[in-house]
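We call the chains A, B, C and D, going by the order they appear; numbering starts again at 1 in every chain.
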Amino acid sequence: MELSETRRQQIMSDYSQGFVAWCGFEPIEVGLGFLEARIFIRDEHRQQDGFIHAGVMTTMADHSAGYAAYTMIPEDHRILTVEFKMNFLRPAFSDLVICRARVIKPGRKILVCESDVFDRQKNGEKLVVKALATMISVPQAELTRED
Amino acid sequence: MELSETRRQQIMSDYSQGFVAWCGFEPIEVGLGFLEARIFIRDEHRQQDGFIHAGVMTTMADHSAGYAAYTMIPEDHRILTVEFKMNFLRPAFSDLVICRARVIKPGRKILVCESDVFDRQKNGEKLVVKALATMISVPQAELTRED
Amino acid sequence: MELSETRRQQIMSDYSQGFVAWCGFEPIEVGLGFLEARIFIRDEHRQQDGFIHAGVMTTMADHSAGYAAYTMIPEDHRILTVEFKMNFLRPAFSDLVICRARVIKPGRKILVCESDVFDRQKNGEKLVVKALATMISVPQAELTRED
Amino acid sequence: MELSETRRQQIMSDYSQGFVAWCGFEPIEVGLGFLEARIFIRDEHRQQDGFIHAGVMTTMADHSAGYAAYTMIPEDHRILTVEFKMNFLRPAFSDLVICRARVIKPGRKILVCESDVFDRQKNGEKLVVKALATMISVPQAELTRED
């Protein structure tokens, strides 16, 4: 199984909408079960002590994992996040943050993903966040605002 | 032990800076080991399917848990997030999201917190995110950009 | 919806099998979306420093959450653990450990549960583990050893 | 920094005590920030549907991560588990389970570890559990039964 060029481009352009576009996250590369994204850090991405906010890195880790999963499901399905866990390994403070997400267990319904977030520091990329996420594939027709 | 009025006000005004102010999160109430916050949802907080982005709710749950922890540490210490896990119980789509965070295990170094995030829907508040987070208290002087 | 007496008794007797029976976990009470269990601690439940092993408390928290979920699904379905996260709040060392598990979000397919584990110490019950778990309901006929 | 032969042997023999020895977990190999262990599965390690109990694999993942961390701390310190999260990727049912744990972020106080658990099935090793764990290094003199 491979990712068609049409589907690849559709996923690349679908990635940055709403909150993700507003924050400034961009996809760099996508493949079957894989997505890499980046963000150029601005002042509004930092927290009270000048570090990049955990929420910025989490949004990136979650969203990239979701789109890595999205490469592996039927076109009429959508991905929702069931849950995730993130470890913040060291403070991030540079001007460029990279995320690499991959599916570690595909499934028809449940997909488990990992995301690594890197801070592009002077002496090289540093792993700053390790995320483990569970995604669910839902037929688009079943996406609803009722519980 | 109680939270002094001075400290309470300092924490209220410290809460909204950088990414958190930019997104529009506001604290409503703070007490010893407790913080409640809200956000009025705008289009830029949503994702590709119109739901509120998991990253918005995660930022709120993490930041509020951090400040709930911040009420229980010495004034010359700061809180960093060690890790968290969030379960997304149902989609959120309303115009107002509320977060209630509390410390469930204080400690001199490690503080464990819970955050509940609610979507203010037509038929009442719905619990949409359940978060469990580990925070660490660090002397401000030790906060550094070196690893 | 309520739990029939027949189903309640079936779940009580189903709880302690295999690893769970061997370790000595016993159910005390079960209701719709709820289960309480206990274990009398023996030397073989401890770790190298004399504390109760995290694995003992995790097994209890996971298994009890799974059976709390089991009360809310059709009789021809089974529960599998998708994932869980546990925070170890303080060391446990007493002779009696209690677990209270409940479903915080039922669902046809995915059920989210919480478990609290308590150590019965001299000055009362102490919360020692806080767990958040995701369970999946699977038709028994689909349980298989093939991937 | 390397692991001395004396220390390596001390850690190998320290690994299997209490609950871990009783269950039958054995260390196979240990290095700086790394530990591999195994267990030969007996009936008492299974659950009600014949699969290996999540508690067995969790105990192994947690304990092995703890000892991987233990290789990186001073000899008068001990490791306690702060928290972990485990994803159960597929059912395990074979007769031999292997765990490989490694420290992904060492630290003076906090160490973050990953454990992979594999089921030795007919067609090869299958990754069945992915774990992400936070450990804390505590001076042995501070280990206490008081809170």
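Observations on the structure shown:
Everything that follows uses one rule, which is that a contact is a pair of C-beta atoms (placed from the backbone, for glycine too) under 8 Å apart; a residue touches a chain by one contact, two chains touch by 3 or more.
In this text the structure is predicted, and so the values were computed from the model without any measurement.
Here the repeat of B-D among A-B, B-C or A-C is A-C, since over half of its contact pairs match by residue number. Counting C-beta pairs in contact across A-C and across A-D shows that the higher total falls to A-D.
Per-chain Cα centroids separate chain A from chain D by 29 Å. Taking the mean of the C-alpha atoms as each chain's centre, chain C and chain D sit 21 Å apart.
Chain A and chain C, compared by their mean Cα positions, are separated by 32 Å. Those residues of chain C in touch with two or more other chains are numbered 82-83, 85, 87, 90, 112, 134. Of all residues in chain C, only 14, 17-20, 22-23, 43-49, 53-56, 58-60, 62-63, 78, 80-88, 90-91, 93, 126, 143, 145, 147 touch chain D in the complex they form.
Note for the complex: chain D touches chain B at residues 82-83, 85, 109-110, 112, 134, 136. On chain A, the positions that touch chain D within their shared complex are 85, 87, 89-90, 104-105, 112, 114, 127, 130, 132, 134.
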